[in-house]
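Two complexes, one shared chain (chain A), two partners (chain B, chain C).
== the complex of A and B ==
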């Protein structure tokens, strides 16, 4: 069962990557954990999702051909269930964040430069847009249009809370880093640099390590 | 006068903790909107007075404007928070809500809900292969393949993956694969027996 992680949807990373199923599941788990613990929506991973779905289909097809009453069948079934849970949970987690921060995510998407990868997959983008339009229309219909003329406008961007990038996260270092600048928390402190050793664990503000999470150099735990 | 009605709505939601959805208060909402209209009209009248020299009115106008803003904010918070609760219900109960809950929703909320359902269904269909992936399933991590279930209703014969059929009779207990049961548990045919 070799899963070839082929087309990564064109744009930025066009290099072919070949993954064994174990590596694929590992990268799904990594993306899942990062997404679960990061306060903001991370970049979408369409190629991982696509491969995992293929892999699941493949495993299910294999199981159908298997002999009845084989002990291995139930073990594989359990494996499928587990993978499907991680995949669903990952996508659910993203949807929850999209629904929570939709004005900010869509705003970011609007100001995104050409060629820069989007944090949303096309399907998620469609969902976010529909959600925004639906909610805006509802608020307008029920309350805003009955209000005095100077109060009929409302900016969802201002009323819906932003993701709190200053929240603290636990992380484990996968690739050693040097000279990470930590911003001062209070006025008395000064900015200082730290190095992250491979395998070490830290509790740190998300804003400081956000680029490292995105590049996969650290893993949120 | 100072946004009491709107505050009442917010307070009511705040008291109904745990995602519970209290009935939609059309009358209070209307009263609050009327209060806003009254405030606005009096402000308009006073603005023209103030323009003709009565500067002492400016503070009153400002105060009324703050009340208006507070009203707006409270009302929108009320409506938006209700939407979030309704959204959570979609994940809890599936696409058809129990009557008791629907009874508490306004017509516009029902419309919002059906649109939300539609966007969610479109999204779930577009991920995960041909049939899509039902994200409302597999909410909890799977612990075991088979679970013990009890029948709450007569459901007739039921076929499991390996081809054997079993009879789902009321009050009978079975040991079945979890992925076959999830749907029936949600429909209220089966009940998960936790020992």
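== the complex of A and C ==
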């Protein structure tokens, strides 16, 4: 029977073990674009980042041994620069989101169940915690400590905006899905189901397709 | 997303060049290229083709669709239909710009090609504005955007999605402070 695609979980993640380098770069690019367009911070991909860094280091070590001025060497250097750009743009994009939504991300991290994958890499987690501590210390020193005692408390969780999951995103379908329920915009309209055919492109609310982004069934564009 | 980043993605597309040097296969991380022999056609990504062209090490062989006759057909088709017609390449605009900027001497009737692609683009943008308008007016929550290319989506993305977010917020009447500032990305 047709699978209810709307609530499929990201439990197919452990499949990406044996990738060729080309597939690896492709999945880095997919992760980069998804991260760029998703309103919330997506799950971190430590295995992809690790492998890409390894590939780059390996290639650079090889190039050191090659003779200079060779056409081949310059082509390799160009490719390395391109991959490095995607990698750093991806990581930078994640840092921007962490700085923007840090109280909520840390809160989610705190309530995460044992065994459930973290959205943050260990380095990002350290960064988020430090950012939180610094922000709190700064606000305290600059303003709060000069306030009357009853006004010296503030909750970052309440004052920092949450990611807007209702925002619209463009996507391309990688794995076909059926019966995706689309909630109506106004009360007069009715809820209806759509199917996502492979290769088709859509404009829809992020909330509707968030599980599909996580499982890799759709690609944000 | 910056237009330059869309162009960056377009630069991964393959084009054919005729090399003016010989070189064994290159084993890049993203896959193998070559071997290169003088005069023989070989497929390379656009970023490499442009670099080699700038160093006068190759001649570009334009993609099949980059041809006045074919592009005229595409333009006329685009003007005739109400919906978006499929484009010959998902990066037709970016590739036209890149290849004509760096290798116009290898592309016959380059100026006409530039005009034809621009005409097609303009027609599509007009359609895009119309359909965005009706999407907003009818308060739709889902649209199929097949055949739109990334560059086209990108030119309308910020404006359209932010407008929709603002309207949604006004309509659902959220309390200020709750999530009313979550969109100044």
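One rule holds for everything that comes next: the second predicted complex is superposed on the first by the 205 of 221 C-alpha atoms of A that agree within 3 Å, B and C clash if a C-alpha of one lies under 4 Å from a C-alpha of the other, contacts with A are read in each partner's own complex, and residues count from 1 in each chain.
As a working rule, contacts are C-beta pairs under 8 Å (C-beta built on N, C-alpha and C of every residue); 3 or more make two chains touch, one makes a residue touch a chain.
The model shown is predicted, which means the values in this text are computed figures rather than measured ones.
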Chain B versus chain C as contact partner of A:91, first or second or both or neither: first
Which superposed partner A:161 touches (first chain B, second chain C, both, neither): second
Chain B versus chain C as contact partner of A:183, first or second or both or neither: second
Chain B versus chain C as contact partner of A:82, first or second or both or neither: both
Touched partner set for A:200, first chain B, second chain C, both or neither: second
First (chain B), second (chain C), both or neither touched by A:66: neither
Residues of chain A contacting chain B in one complex and chain C in the other: 56, 78, 82, 85, 89, 159
Contacting residues of chain A [partner chain C, same complex]: 21-22, 25, 29, 36-37, 39, 55-56, 59, 71-72, 75-76, 78-80, 82-83, 85, 89, 100, 158-159, 161-164, 166-170, 182-186, 189, 194, 200-205, 208, 221
Contacting residues of chain C [partner chain A, same complex]: 1, 5, 8-9, 21, 23-24, 26, 28-31, 33, 47-48, 51, 57, 135, 139-148, 150, 153, 157, 160-161, 164-165, 168, 171, 177, 179-183, 185
Footprint of chain B on chain A - complex, ascending: 49, 53-54, 56-57, 68, 74, 77-78, 81-82, 84-85, 87-89, 91-92, 95, 99, 123-124, 126-127, 130-131, 134-135, 138-139, 141-144, 146-148, 150-151, 154, 159
Chain A partner contacts - residues on chain B that touch it in the complex: 29, 33, 36-37, 39-40, 68-69, 72, 75-76, 79-80, 83, 87, 106, 108-109, 111-112, 115-116, 118-120, 122-123, 126-129, 133-135, 137-138, 140-142, 144-145, 162, 177-179
